[in-house]
Each structure stands twice: as structure tokens, then as C-alpha cells.
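The same chain A turns up in both complexes below, where it pairs with chain B and then with chain C.
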Partner chain A sequence: MRIIGFISSIICVFFASGCGINSMRVYTMQTEDFGANQKSLKKVICIAPNFKKYTDRDMDNEDYLSSWKLKDKFAKEAESWSKKSGFNYEVYFPSEDAANQQAIYTKLLPLRRSLLMAISNQANSLNETDNSMFSEENKGVFVVNTVLPAEWSKLSEEFETPYFSMIEMYANNNKSFFIHIIADVVKGRIEYQEIRKYSGLVKPRYIEHVLFDSFRTLKKNLKGGNKK
Partner chain B sequence: MSDNMYSKFLKLVILVFLLVNLAKAQNKTDFFVEKPFQVPSYLLNNAEKLAKNLAKDQDVLDEKEAEEMYKNSFYILKERVNTGELYFSNELTDYLTKIVDDLLLNEGSLKGKIRVFLTRNPQANAFCLPDGTILVNVGLLNILENESQLAGILSHEITHYKKHHALNQRKKNKDLKDQKYSNTSSEGVLFKMLSYSRENEFESDAGAVNILNGGKYNAAEYPNALKFLMEEQKDTLKGSLSDFFNTDVFTVDTAIVSKKNIKKELNKSVSRSKSLLKLGDVEYETHPDGEKRILAVKEILTSIEYKEPAKLDNTEFANLKRKAEFETVENAYLEGEYITALLLSLKLKEKNPTSETAEVMIVKNLFWLSRLKENGVMNDFLGKVEVNKSADMARLKLFFDKTKAPDLGKFLFTYTKKQLERFPENESIAFYVAAAAELHLGKDAALVFYKKYNSKFPIGNYSVYIKNKID
Partner chain C sequence: MKKSFLIIIILIAFANFSKGQIGFFGKRLVVKANAISGNERLFSGFELEYAVKRNITVCFGYRANSYESTFNFSDFESINYFINNVSNYQIYNFDDGLKFYDLTYSLSNTEKVESGFKNKVQDGRLVSNRRIFDFSFRFYSNSYLSAPSGFYSQFGLGFGSQTYNGGIYYPDDIREYENTSKIYFYNESFERYEKKETVFNLYFGLGYQHIFSKWVTLDFNINAGAGVIGNSNTSGFYKSSQNNFSIILDEQEELLRIGNLYGNARRSIYLSPLSTFYFSGNVKLGILLF
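For the complex of A and B:
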């Protein structure tokens, strides 16, 4: 009987492991003087959170139909989980709202392009090979700061905060990436950057789990941050 | 002071004032202005509903499949809207719409079905989505010479829609994938699909001549447009790099950018996997060989005994092309294509030697390239840069590859300082002198320059950033 119980418990664990999100790795980088506590991030402008689903293994062909259906959900969940985690993320999403169009299309979306550019020219963990199939968290400081064009610093006056954020998910059957970035436009640099890698497809039902984990990690890293 | 001297002094002051304002006004007109800003309601409509209606109107594919295709096409467009890739409500979008309207004068059935938008993409290209939306990259304007050439490219895209190329291709591809021809290998299927695409291009070229024939645009200019598209990265830089960059630090046309090294760089080509069917590179292309296309169009023009219409006034096109050139450089810079942006801005400087905007572009791109070098990521960055048979690109790539970080920093600082002597009132150059000083000489030395900027431009574009630095 004991043997049967032992074997069945192993089987249960085996199946249970298949129910969650696949194995993942988390890499966070922050500047050495990034906010010492949660209150320092009074207001963050989150620019057009984006969920991109791909049809192939190399992330060349986007499945626009699936991506589009998930974008709204992703943006709403991002705003909601930021609030639940005690942060004040204001999500700006391109929409029919005529009042916001000018600011979004002529200021925020170009800034978002600039953020993407900054991380694409940075030596980051996106191209590293994964050897481990277990969850792992790596935390570090930027040895070389990832800088942004100083032109964006004026936006801090208009939006009454220096912090601008970008949250993106790139998902395909082979692997998925989640990126959460906070930039300080007054200092002209990326202050905090989190990259999560999943070994398989992150399904829509796991979006909130990923976002919850991300804000929890941010909270943890802020509390543990160096004092200014 | 006598009255005569006073009036002379007054005239001089007025003249200086006018010249300064003229220079400022010229800088403002270098770019497209998008005001009042409004996203066209068509782009915000319910994609599902629009796709359903369009699917009902076609008879190439079954309704469900066509609906899926149109939906996909709308979402591609919406994605471009949402990432800020399209321009709205500016003079070039209006200009493109006007040309399309002219081309559709004799195409009654297409009226109201074709829309044209300008994208911020710096590459010279245009394409048509299955629903009749034509997207023209701002980089296309950069390489064309006149309105007829632009009309030729737009007619080509209109024909893609008129002949339902996207729908037909999908049907043919589906037949192939459904294994109706089960003896064909997967590589054979791919080649067959690509051959359909090339056939469509030939058909659209012929269709473009057909649309242009009898209208006000000169169809004989269309082959020239195709030629310019083929030679997108034309080596038009007349001077050598040392003509632009010769500072007291070093001359750049030394051993590092020697002809031998440039040739070596140009010969580096991407090797393709060998085809099982032993077919050449052209079989992998979606578009036919450019030379063949040009020849085919010329043959058609000869066979129909084409008579060229009266020459059009090129003033409006030339004015918009100038703006498109500046926009292309700015967009290449925003896309992080600093080598391309630098090359294009050097070309702008050749054309407009006194342009402050062109100089700001050069300084900005030089700064970011030096920054990449300083941060030790230049090799990764250059690995992504395509030379595309351009000796100019190869020259610049070699220059940034071989020059050491401290030398590049020194060069950037001295070059930028020289430009500030030329344009002392330009706040962007004043800022980049300070930023270059920080990169090359460190924070304390840079503070002097930051303070100078702050006292001269207390509410400038960089003032918030600089105040933070000083504090």
C-alpha cells in the first residue's frame, strides 16, 4: 500500500507541475539609487502595454488575430495589478479618446520606441542560453547605465512624474518573454528592468499570474533597494 | 550718434533679426507638422464588422476564409496605428490622397475603396493590404525624383488591389498546402508560392502602365522609379568621410577605411542554405529581378506606342521630398539605425550645406554611436547593420568598428564643439557638446558646459534634464 501511495503521490506532483506556468527565469536589473521604497514611485505612466502572440518558433510571424484579442485584457490587468500591489500606474492606451490622442501619438508612443531601442542596444539577458529548467531569480545593478535621449525629460512636467513604464509580453509555443521597464526621463536612463523567460507558451489565463508576480518582484526590489 | 549712423545701425539690427528668424523658420519647415491631430475614424472602426462586409463582396475565397484574411489585414493596420507608425493629418498624406484620386478618375469601381497612409518607416517601400489600404513609407519619397514616379508606384499598388492579388494568392497557396499536388516537396511548394508572388508583380507593373496611360502622369517615369527602388542604398555621398569629419584629432580616411577593407566588407554576404531543387537565389524572392521588371515595362510602353504627357510642375513634390528626407533621417534615428541615419544626414548636409537641422542630426547620431562604443556594445550593434552593397555604409561601419572608444569620444567632442562655433544659437548642439564632454571628459568637466547651456536656454528642451544634472 505504501508503495502505491508513494507512486500515486509522485504521479500527482507530476501532473500538478503541468498545471502551472512552465519553468521560468527572472532577471531584474536596477540602478544603484533606484527608489528606496514604494512611495518613491508615486505615479508611473505606463505606455501601451502590449501582448504579442507569434505563430512560429522564431517570433517572426505575429498572430495578429490572437494578439489583438489579448491586448485589452493585458492592459486592464496591468493597471489593475499595479493598483492591487500598491503602485499607481496610469495606463495610456491608443484609443478613440480624442482628448488623449495628441499626447499618445506624438509624445508617448515615440518615447516607447525610444525605450525599446535603449534595451535592444543593451547587453541584457534576452540572448543568454538557459540551462536550468527550474525557476530562478537573478538580481543585479546596471554596471553600465542604459541611457535615453534627454529630449524626453520635458515630459516629466506635462505628466507630473519622471517615471514612464513599458510592459510587454512576447509569446509563442517554444518560449515566451515578459518585459517590465521603468525609466526616469529626468535622469535620462532606465531605472528598473525585469525580464521573465518562460520555456513555453504563456496562455491567456496566466496573464494575471505573470503580472501579479512582476509587481510583487518590483515591490520586493524596491524595499530592498539602496537608500538615496 | 548721428541720425545717419543711427538709421544704419537700426537697419543692421533689423537685418540680423530677419536672418535669424528666417533660419529658425527654415528649420521648422524641415518637418511635417501634424495638427490638428486626429486618427481617422476608419482606423478605429470595428475590424470584425468591416471584415465581414468585405468578405461578402468578393468571390475569390469562401466567405469565412476571406473574412479571416480581412480581419488579419485590419489588425496589421491597427497594430501600426497603435505603435505610432503612421502619420495622420499632414500635408504629405493629403498629397498622396490627391494623387490616388487623380489615378482613379477612370477607375469608377475603385473609388472610395482605396485609402492611402504614410508610415514612418525609413526604408524605401510601399505596399497594399488586401482591403485596399496602401501604406507608403516616408523613405520612398527620399529616393524618388518627381510626382510621376510616385504616381507609378501608387498605380502598381492599386493594381494589386484591383486584381485581388492577395486573395488569389491565398487561394493558390491553400490549394498547394491542401496537398492537391501531393507529389510536390515542401520546398517545391514554397518555390511555387513565391513564383505566384513574382507573377503578381509583373502583372501589377503592366497594370500600373495601364492606369497611367492617358492620364496626366508620365508612365515613362515608372521604370526610373523601379530603378531607384533597386538601388535604394545609392552611393551618393560625393565627398569622402574626411571632408565631413576632418578634425584636428585625426583624419578618418586612413588605413581603417581603406578601399581594400571596404571591398572586404562589401563581399561579406549572407550564405543561403543550398536548395534541393538546385535553384538560384532569385527563386527565394517574392519580387522578380528588378532589371527584368524595368525591361518588361519599357517593352510594354514601346508596344503601346506611349506618348508622354506635358511635363508637370515639380515644385510641390520637391518641397515635400525635402521634408521627407529630414523625416526619414529622424525616423532612422528613432529606430536606432544610427549608421543609416548618419549617412542620410551627411547626404542632407551635402545638399543643404547651411542647414542647422542636418548638422543636429549628424551630431545626434555621432553621439549615440560613440555612446554604444563607450558602453562596449558596438560589436553587437554593427552585427545587425546591413551594408546592402553600399560602399558608403561599408565605410561608416568600418570607421565605427575600427576606431577605439577614447579616440571616438575625443573626435565627437571636438567635432561637436566646432559645430557649436558655427551655430552658437542652436540649443541641441549646445546640449550635445555638454553630453559629449561628459562622455569624453567626465561629469565634472561636463558641468561647465551644462551650466553654460542652462544660462543660455533656461527653458530649453533639455533644461529639465540639465537642472537635474547640476543639482
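For the complex of A and C:
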């Protein structure tokens, strides 16, 4: 019986490695009526998808170069996986095209900056996600909506959609974070926010998986409506 | 034992907390064939793997194999072989063994008899058929990739049956030595043996599954297991005689021979000889269906 106990304890250690240590967490938050306008959400303007990877910011500058090279791939994959998942993301990122450059540097990048500010202002105790480890997914509903500046609402006429999104990935030491945000500039608020936390540094071949997972989750949340 | 099962169940429940989409790009089911599996035949079994959680899959497998074990009188080239290979069964009389050895040794020196042996191919032959059903859980340890790909640990059980069919052929030629030996005198005859065993084993393994071009999978794993075989005595053999078989063997001698065949068959089933603990390596080739 001692041998059985010994073997089973070894087995349990290996099981534990499969269950929790290398797991991935998803935190999503959305407005209460998100999902009511599924059709209009099909066209979304995605502003400069960004990919940043660094092992140590002070010591190693080459990581920025390598992540800059991966940025194009990241943007293309984001566009293709959005279409495969049934959404129409138009991706804008700095390129040599003059018209594109004007749109980006005068309109979209400032909007992106205000989106980032809006997220940081949402750290309200009422806005917490459900952190239960036994739930399927950590979901939350925005109780307090941060209002975006009204000046951005004019962009909805120019780009023919009120929805603007931001997709970013940050990798640092042994953790990687993925952020996916959708904002409605007419209502002036963040509609949907998804944060993924991965253990382990992201590799280029994982980008596809991350984007696939993200768009699948978005689709599921749209169908689920405002259920918590 | 109860405690260890409880711990396993609790761990499975805890595994719920890894979240996100299930399946490799949404595909969950893999159908696999055993390319290399221990000493089993090529593509002798198949397996279905289904992702139930992001990190957990359930596998169902079926393996059917047959092994052949042979026995030649001329194998007894030295008394050491005889003692090392047969003495485990402790069912023979040492004096009889010596005589048997002398007889076969003298036979193998005679050209005529050697040709006779070559024509008959084998003096004893036992074919074991084994059918095993497998059921196992796999626990993947990946953060970015979903279940059917990556490194995993595996815990499973197998159950099934194995049947032995075969017999011992006694050549006619030995008659010539009627006068030289007082041991046994044979007519040409054949004796048939049958046996059925139930098999149950638990195993634990580690492995890695790689997915090529989103639909072809290659799965490597190493298993360590402990098995229980029901009715694992040589006396469990059912004997049915054929032809003009005249009584020659006493009980001990008979058990000795079938015991040797049985031992060889069991050795070929498990990589480690006649042990209840075994190790095996597997390579499986599969298709990621949907």
C-alpha cells in the first residue's frame, strides 16, 4: 500500500502541472446592452495593433526591434482572424501611404491615447470582474462608464461606424498580456474590454492562437448578451 | 487507495479554472493510430481523443495484437539454458531434465534428425491474442495552446482479455532412440492447449503531441504501468489431444513444456519479463478532425 501511495503522490504532482501552473486567465467587461447591436458591430476600425516584447527594458534594446518586425504580422493576423470569425475589422497602422498616414497621425492615434486613458480611469471598485476560480470565465459589467471626449463622435461619420477598437500585446519576463478594447464614439464609452494573462513569454507562432481565442470569446459574449 | 482517488478527483475539479476557448483552433477531436507501441504490431490499435476542457482531454483506445512464441527441443543446448529459463516454474524434476538434455543434445548431432526438425519447423507453438480497451485522462500544461497539443501527463486504465492457443508437436524420429533411452517414446502426435486470461492495468505516462499544418498530429509518450492478470498459472490450460497421441508425459514434464511456451508468450506481451510492472513507449499518428 505504501508503494501505491508513493506512486499516486508522484502522479498528483504531474497532474498539478497540467491543471493550474501554466494556465491562462481571461477577464472580460462589457456594458449592459453590449450585444444588442450585433449587426452594426460587424464593421470595426482597429487602430494600430501593437506588439511589444521585452525581457529587460534597461539591458536589451533589441527586443523592441524584433517586436517592431512582428507588428506587421500581428496586424495582418488580427485582420484575417476577425474576418474568419465573422467580424469586419479594418486595420489602420502607420504605412507609407500618405492618406493613410494623415488619418492615423491626426485622428486615430490621438483617439487611441484617449482610449488608453479611459481604461486607466475605470479602476473603480464597482467595476470589478468576478474573480471566482470555479467560474467558466471572469466576466463583469461596467457599472461606472468612463465618458470619452465628445469630439471623437465626428469620426463615426468619416469611417461609417461608431466602433473603434484597440488590440495590443505586451510580453515581459515570464508574463504576457493581451488587451482587446471596443469603444463606441457616438455614445462616448468603452463597450467591451478583454484582458488575457498568459504565463510564459509569447512566441510568434502563438499569435494566431491568441487572436483566434480572443475573437471567439468576443463572439460568445455577443451571443450571451449582458449575462454575468 | 481511496485517498489517492479522492485527490485525483479533486484535481480534475480544480482544473476547471483554466479558461478560454477549447480545442486547437476550435477543433477538439483527434483520431489516432498506433504507429509504434511497445512491441505491438504496426497500426494495431486506434485511439480517440476529445478535449473536454482547455487543458484536459479524454482518450478511448482499442488495441488488438497477437504474439507467437515457439519452442524447439534443440533449444536446449546447454544445461545452463535449461536451468535459467525453465527453473522459474519449479515444476520439473531435475533428474528428468538432465536426461532430456542428454537426449536432445545427441539428437542435434545427428544429420538425419536435424533435417527432420527443420521440416517440422517448430516443436511447440503458442499464439497469444490480446484485446485491450483503454480509457485515460490527459492533462496538458500549456498556456497559449489549447488541449490536443503540447506536453501532457496521462493517467489511464486498460482492461481486456488475452487468449492462448497452441500446441506441442512430438516428432516421430525420436522413436529411433527407443533403445538408448529409458525416458519417453513418442508416436507422431500433436497436443493442443488453450487458455484465457483477463487483464487489468493502471498506467501513468508523460508525452508530447505536436500538430502539423493544423490537422496532422504526432503523439509521443512513455508509459509506466502496473498490471494484474487473472488466472496466471500454467495449470489453467485446457488440453485437448489430437491424432494418435500415446501417453508419454507425466504431469510435471507437460507443465514444464507448456510453462516454457507460456513464459515466452508473456515475455513478448510485456517488455519486462513476467513482471507486473512494465514500461512502454508509443508513437501515434493522427488526424485532427473537428
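The definition used in the following text is that the second predicted complex is superposed on the first by the 181 of 228 C-alpha atoms of A that agree within 3 Å, B and C clash if a C-alpha of one lies under 4 Å from a C-alpha of the other, contacts with A are read in each partner's own complex, and residues count from 1 in each chain.
The criterion applied here is as follows: contacts are C-beta pairs under 8 Å (C-beta built on N, C-alpha and C of every residue); 3 or more make two chains touch, one makes a residue touch a chain.
Computed from a predicted model, the values in this text were never measured in an experiment.
Using the contact criterion defined above for the overlaid structures, shared-chain residue A:26 touches chain C, although it does not reach chain B.
In the superposition on chain A, contact of A:198 is made with chain C only, not with chain B. Once the two complexes are laid over each other on the shared chain, residue contacts for A:106 go to chain B alone; chain C is not touched. Looking at the shared chain after the overlay, A:94 reaches chain B, while chain C stays out of its contact range.
By the touch criterion defined above, A:68 lies against chain B but remains apart from chain C after alignment on the C-alpha atoms of chain A. Residues 1, 4-5, 7-12, 14-26, 133-134, 136-138, 196, 198-200, 202-203, 206, 208-210, 212-213, 216-217 of chain A are the ones that touch chain C when the two sit in their complex.
Against chain A, the residues of chain B that register as touching in their complex are 34, 37-39, 44, 47, 68, 71-72, 75-76, 78-79, 81-84, 88, 334-336, 371-372, 375-377, 380-381, 431, 435, 461-466, 468. Residue ranges on chain C touching chain A, taken from their complex, read 1, 3-4, 7-8, 11, 14-21, 25-26, 54-56, 138-146, 152-153, 155, 204, 206, 226.
The touching residues of chain A, counted against chain B in their complex, run 48, 50, 62, 64-65, 67-68, 71, 94-96, 98, 101-102, 104-106, 109-110, 112-114, 117, 120-123, 144, 147, 150-151, 153-154, 156-157, 185-188.
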